[in-house]
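Common to both upcoming complexes is chain A, partnered first by chain B, then by chain C.
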Partner chain A sequence: MNWLINDNNKCESIFDIPVLSINDLRQEIIQMKKRVVGFFGKQENDNVHLFVVLADDSEGKLYVSSAIFPPEIKEYESLTQELPSFHMFEREFYEEFNIKPLNHPWLKSVRNHKNKYEFFEMKGDEIHQVAVGPIHAGVIEPGHFRFMCCGEKIYELEIQLGWQSKGVEQLFLTSHSNRLAESVCGDSVVAYNIAYSNLVESLSGCEITNKAQLIRLIALEMERCAIHIGDLGAIAGDIAYLMGASIFGATRTLVINTMLEISGSRFARGLIETGGVNYDIDLALSDKIVSVLDKVSNDVERTVKTMLKSPTVASRLEKTGIVSKETAIEMGFTGMTARASGVNLDTRFDYPDKWYKDIENRSTKADGDVYSRTRLRYKEIKQSIYIIKKFLKELEKYSTEPLRVHCPNKMKPDSFVVSMTEGWRGEVVHIAITDTNGKFSRYKIKDASFNNWYALALAVRNNGISDFPLCNKSFNLSYCGNDL
Partner chain B sequence: MLDTLKLRIYQGKQYIKDIKNATVKEKFRGFPIIESDTIDETICPLGAISNNPAAVDMGKCTFCGCCARNTKAVKFTNFYKLASTSREKLIITEGMNEKDFYKSAIEVNKEIKKIFGHSLKLRQVSAGGCNGCEMELNACSNVNFDMGRFGIDFMASPRHADGLVITGPISENMAFALEDCYKSTPDPKIVILTGACAISGGIFQNSQKLNREFISKHKIDLYIPGCPVHPLTFINALLDYLGI
Partner chain C sequence: MKTVIINLIIILIMPFIMLGFIKKTKAFWAGRKGVSLLQPFYDFMRLLKKGIVVSNTTSFIANIAPVIVLSSVIFAGLFVPLAGGLSVINIEYGFIIFAYLLGLSKFFALLCAMDTGSSFEGMGASREACFTSLIEPAFFIITASACGACGIYSFNSFNTFISNINMVSLCVIILAVLAFFIMLVVECSRIPVDDPATHLELTMIHEVMILDNSGFDLAVLTWASGIKMVLISSLILLFIIPSSMPYYISLILYLLLYCLIGIVVGTVESGIARIRMSHILEFVFAMTALALVILALITIRIYGG
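Now for the complex of A and B:
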């Protein structure tokens, strides 16, 4: 067997992962035709060990394999030529280990721009460049955008990130904690913390209670709900539909203030700990959450319907920033971005645990434009509220269970785990490898944004430059999730 | 059109009328109170706790509540006015209560009050921020908190700004842009550090990829603790600083 078949959150011995030659591995990857979720190196003495994780979303399995680069081998034939979805992964691998993927179409660094970089340039009398960032006009994270425009029309957008880079993966090796996990990407606190906790619990053989699992998932869905409402407000703001911006802003406040009532933090920081959760949801609080969510559901529905009925709104959203289904599959976009283009990827339902197994997930019509992404957010808000209510009811059955169980400090040595959680943007993938002492020897994080930033670059082509903020907000990708 | 008007009327007014006396829910972890002369330092993943004398550094604290859950030595109140004009005052020792802290935490600068008291325009720079503080700063301008009513707003350009609001531990890659932004802001200007990361590096303090030269090089006018900073903490800090 050239692949180890694994499940989400299942701990496997590192020695069970096949080691192939890079040429064989390359052939295998091309033949498998599966989606890439992990492609990263690990320094082992003088060698570089390359790990590949592919996902089969229809059967809910993960395929793991690897190859070793001895010090004298410094190049290989790139996969991106055959499978464009590898382009970011190979760039990252080249940047970190200086092993060159030959014939990679765009071998630019991902995070460390030490040397002077020549941006892609178009020439012509009517062509002009617009440079934005790293510091943006709004209160958001930094990133640099370079537009090649003809008049108002964008021909090409080049996105340069890496400004946020804080060496997070390295910090996980020296001092990992729930606090670090929830600070990697502050808008996906719950998703990141669940991914990290599941991973550590799998490595230390800790089984958390049903109650703790449900409270985590309730928080995860509340996070999704809050951000989607906030983003609907931002989309409304970017098309100057100010009533929408105001109402969605206020409605989001209701959701995150409820999170504060659960956990003491508006973003649920401090709620999740390895071994379980720190705060309970009792019956009184549960009733309160339901009544808040009823109001939220009603307000969102009413505002979305009023907003989308307005012809001026529809004219700004429809057919703006299109990402086709074919492109989404070819480039390996994931999460919300993929779903809005009609590719149904959702870790919650593709790799279901016992809670999501029975929940029906209906796909909606999706055209890949800003309108579809707006509708999708609306659909997911409603779906999240439905799921939260269902889980709250479920939670009543387990009221006597403890919130937290003891999680042994010692993790299994020489092991490998992939932990995927569906954050509001898409899959949050944490992969860990432990050494002979049961300490992390490699920690890899992949946010959905890592795949999806390129979707924004493709979406804005042939759109007016004034629609860029709108396109950007419709995706709302993470800078620090990408830069780490 | 009629639906729009009906919706507008249904939503009514939602702003917090009295920002200065607004209360946050009991569970909110704000000002820490120390009730013992020794605390187990190793409890805190951020190194915010020290002994001799027992102290919690709000400049490092992410208010995760880990210490309060595991010892009886620290207790968090829901008091949210945590800002100070001095870095040292953020270190809370045994027996201090929120009233004593608040009384002397912020010194109003008369000159600043005279110039910026009626209008303060700020430029926000996220220098490695995780988007937590950024989202809360955006929330300051929403219809609930409505910071604009006090003449405080975020500007799109540093050239239109009277001060910088910095979030994040200042990554190496952002150090130059931050310095540039500072230079582009006309004098007189103020510098505000927002959140544990900006004040001390927070959870990223041991990262090799930070460059915190800016903090030692320039005068810092206001420290606003939190992880992320609550909008009420931020707005009240500015109101107190401007003596409004």
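Now for the complex of A and C:
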């Protein structure tokens, strides 16, 4: 066997992972034709150990394999030329370990921009360059966007990120905690915290109660709901549709204020702890949540319908920023971005736990334009509200269970675990490897944005430059989730 | 003398009140309380007190342009008849001077934007030049047809339609009001052409041109833009308010209708989204289309018997 077949959140011994030569591994990866979720190195004395995690979403299985680079091998034939979805992973691997993927089409740094780099350039009298950022008007994170335009039309967009790279993965090795996990990406607090907690619980063999599981999932869906509503407002604001902007803004507040009532934080910081959760949802609170959600559901439905029916709005959203289904599959886009292009990819339903197993997930027609992404958000808000109500009902059955169980501090030594959680943006992947003492020796985080930033660059091609902010908002990708 | 003083007061003060009404209306539709009606004026006074930051790449143009923009707009205002159909300077063909004084102000605004050397401002300038230059033919078609129809070669010809009302003049009034409303939206950068409230440089038209201006310069430029709105609204009002009314009633009507136009602009802004940049030209051409219909109507009335 050249691959170890694993499940989501399942702990395996590191010695069970096959070690191949890099050429064999490369051939295997090309033959497998599966989606990549992890491709990262680990320094082992002088060697670099490369781990690859592929996902089979239809079976719900993960395939893990590895290869070792002795110090004298400093290059290998790149995978990107065969499988373009590896391009970010190989760039990241090169940046960290200086092992060069040969014939990689675009070996640009991901986060570290100390070396001089020439942006792609078009030449001609009619061509003009527009550089935006890294400091922006408005309170958003830093990112540099370089447009090559002919008049109003964008030919090429190059995105340069990494401005707030702060070594999060390294921090996890020295001092990992729930507080650290939920601070990685401020708009996916719950998703990151769940991914981290599941991973640690799996490594320490800790079974949390049904009640805690449900409360976590309720928070996850609330987060999805809140951010999607906020983004609908932001999309409306970008096209100067003021009614949408103000109503969605107010509605989002209802949702995050409910999170405040549950956990004391509008973004559910401090709610989830290894071993369970810190705050309970009792019957009274549960009723209150249901009544708030009913109002939210009504407001969102009414406003979305009015908005999408308005001809001025439809003319802005339709056929703007298209990402085709073929591109989405080839480039390995994940989460909401992939679903809006018609690729049905959702960790919640592809790798279901016992709660999501019974929930029907209807795929919707999607064309990959801004309109589809807007509509998808609306569908997901409705779905999340349905799921929250269902889970709240389930929760009543387990009211006597404790919120938190004691988790042994010690984690299994020499283990490997992949933890995937579907955040609102897409899959949040945490991968950990422990050493002989049961301490993390490698911690890898992959946000959906890591794959999806390139979708934005592709989407805006041949669109007007004035539509860029709208396209950007329709994806709403994370800077800090990418920069780590 | 009375006309000079009252007209000047309207031209100089009304912009703040109109802007105030637009903001208040938008706040109302958004379900907010909104800022005070005089907030635009407070902002103006605040900006006057502030210092100016000028980019190193600019030449002397950037220093003189804002004042030229303002003075040419105020000067253009002297040719527009306000309450009672009276303008400060009343000469034949004054509307041509009016149009080109606005053109002069636009020219310097564009130069000032290009002068900063920012890639955004050049983009804004090219957009503004493209959209507003297409207003000019429509403006002249309407004005010249109106002048030709009643033999008065000034803006006062607009006033004759409401004085003797019939089917044709009613149609002309409706079409002309619509046409000048489009001119107002385009010239004053309101939704659906431009979004004055956005922070997204890439989507801006007028806002991005004044991105590098600050303090006194910014105050002057915003003021000039407001004055332009009052002047174009006055052209609309010429079609609606007959000059035969007693002066003070006409004056009060003028003041009320300025506020009403502000409310209408605010309501339009609240109800619809911005047009995609590539479709704005079609919107601007709608004014030309309206102008041509007016021309046709007037031609039929004069020559069709």
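Note that in this section the second predicted complex is superposed on the first by the 484 of 484 C-alpha atoms of A that agree within 3 Å, B and C clash if a C-alpha of one lies under 4 Å from a C-alpha of the other, contacts with A are read in each partner's own complex, and residues count from 1 in each chain.
Basically, contacts are C-beta pairs under 8 Å (C-beta built on N, C-alpha and C of every residue); 3 or more make two chains touch, one makes a residue touch a chain.
Note that the structure is predicted; figures quoted are calculated from it, not measured.
Undergrad: Scan A:R266 for contacts with chain B and chain C and give back first, second, both or neither.
TA: first
Undergrad: Could you say whether A:I465 touches chain B, chain C, both of them, or neither, answering first, second, both or neither?
TA: second
Undergrad: Does the superposition put A:P408 against chain B (first), chain C (second), both, or neither?
TA: neither
Undergrad: Once chain A of both complexes is superposed, is A:V313 in touch with chain B (first), chain C (second), both, or neither?
TA: Once the two structures are laid over each other on A, A:V313 reaches chain C alone.
Undergrad: Using the superposition described at the top, determine whether chain B or chain C touches more residues of chain A.
TA: In the superposed model, B touches more residues of chain A.
Undergrad: Taking the superposition as given, does A:S246 touch the first partner, chain B, the second, chain C, both, or neither?
TA: A:S246 sits against chain B and chain C alike.
Undergrad: Examine A:P134 and indicate which partner it touches, taking first as chain B and second as chain C; both and neither are also allowed.
TA: So A:P134 only meets chain B here.
Undergrad: After lining up the shared chain so the two structures overlap, which partner does A:P105 touch, if you call chain B first and chain C second: first, second, both or neither?
TA: neither
Undergrad: Please work out whether A:G167 is in contact with chain B alone, chain C alone, both, or neither, and reply first, second, both or neither.
TA: Once the two structures are laid over each other on A, A:G167 reaches chain B alone.
Undergrad: Show which residues of chain A both chain B and chain C reach, each in its own complex.
TA: 137-138, 243, 246-247, 250, 310
Undergrad: Would you mind writing out the residues of chain C in touch with chain A in their complex?
TA: 26, 29-32, 119-120, 122-123, 127, 191-192, 195, 197-203, 269-279
Undergrad: Quick check on the complex: what are the chain A residues that touch chain B?
TA: Those in contact with chain B are residues 111-113, 134-135, 137-142, 162-168, 170-171, 174-175, 177, 179-180, 183-187, 189, 230, 243, 246-247, 249-250, 253, 257, 260-267, 269-270, 278-279, 299, 302-303, 305-306, 309-310, 478-480, 483.
Undergrad: Per the contact definition, I'd like the list of chain A residues that touch chain C in the complex.
TA: 128-132, 137-138, 152, 236, 238-243, 245-247, 250, 310, 312-313, 315-316, 320, 464-470
Undergrad: Which positions of chain B touch chain A when the two form their complex?
TA: 3-4, 7-8, 10-11, 14, 24-25, 27-29, 45-46, 62-66, 69, 76, 124-139, 142-144, 154, 156-158, 168-169, 171-174, 177, 181, 197, 202-204, 206-210, 227-228, 230
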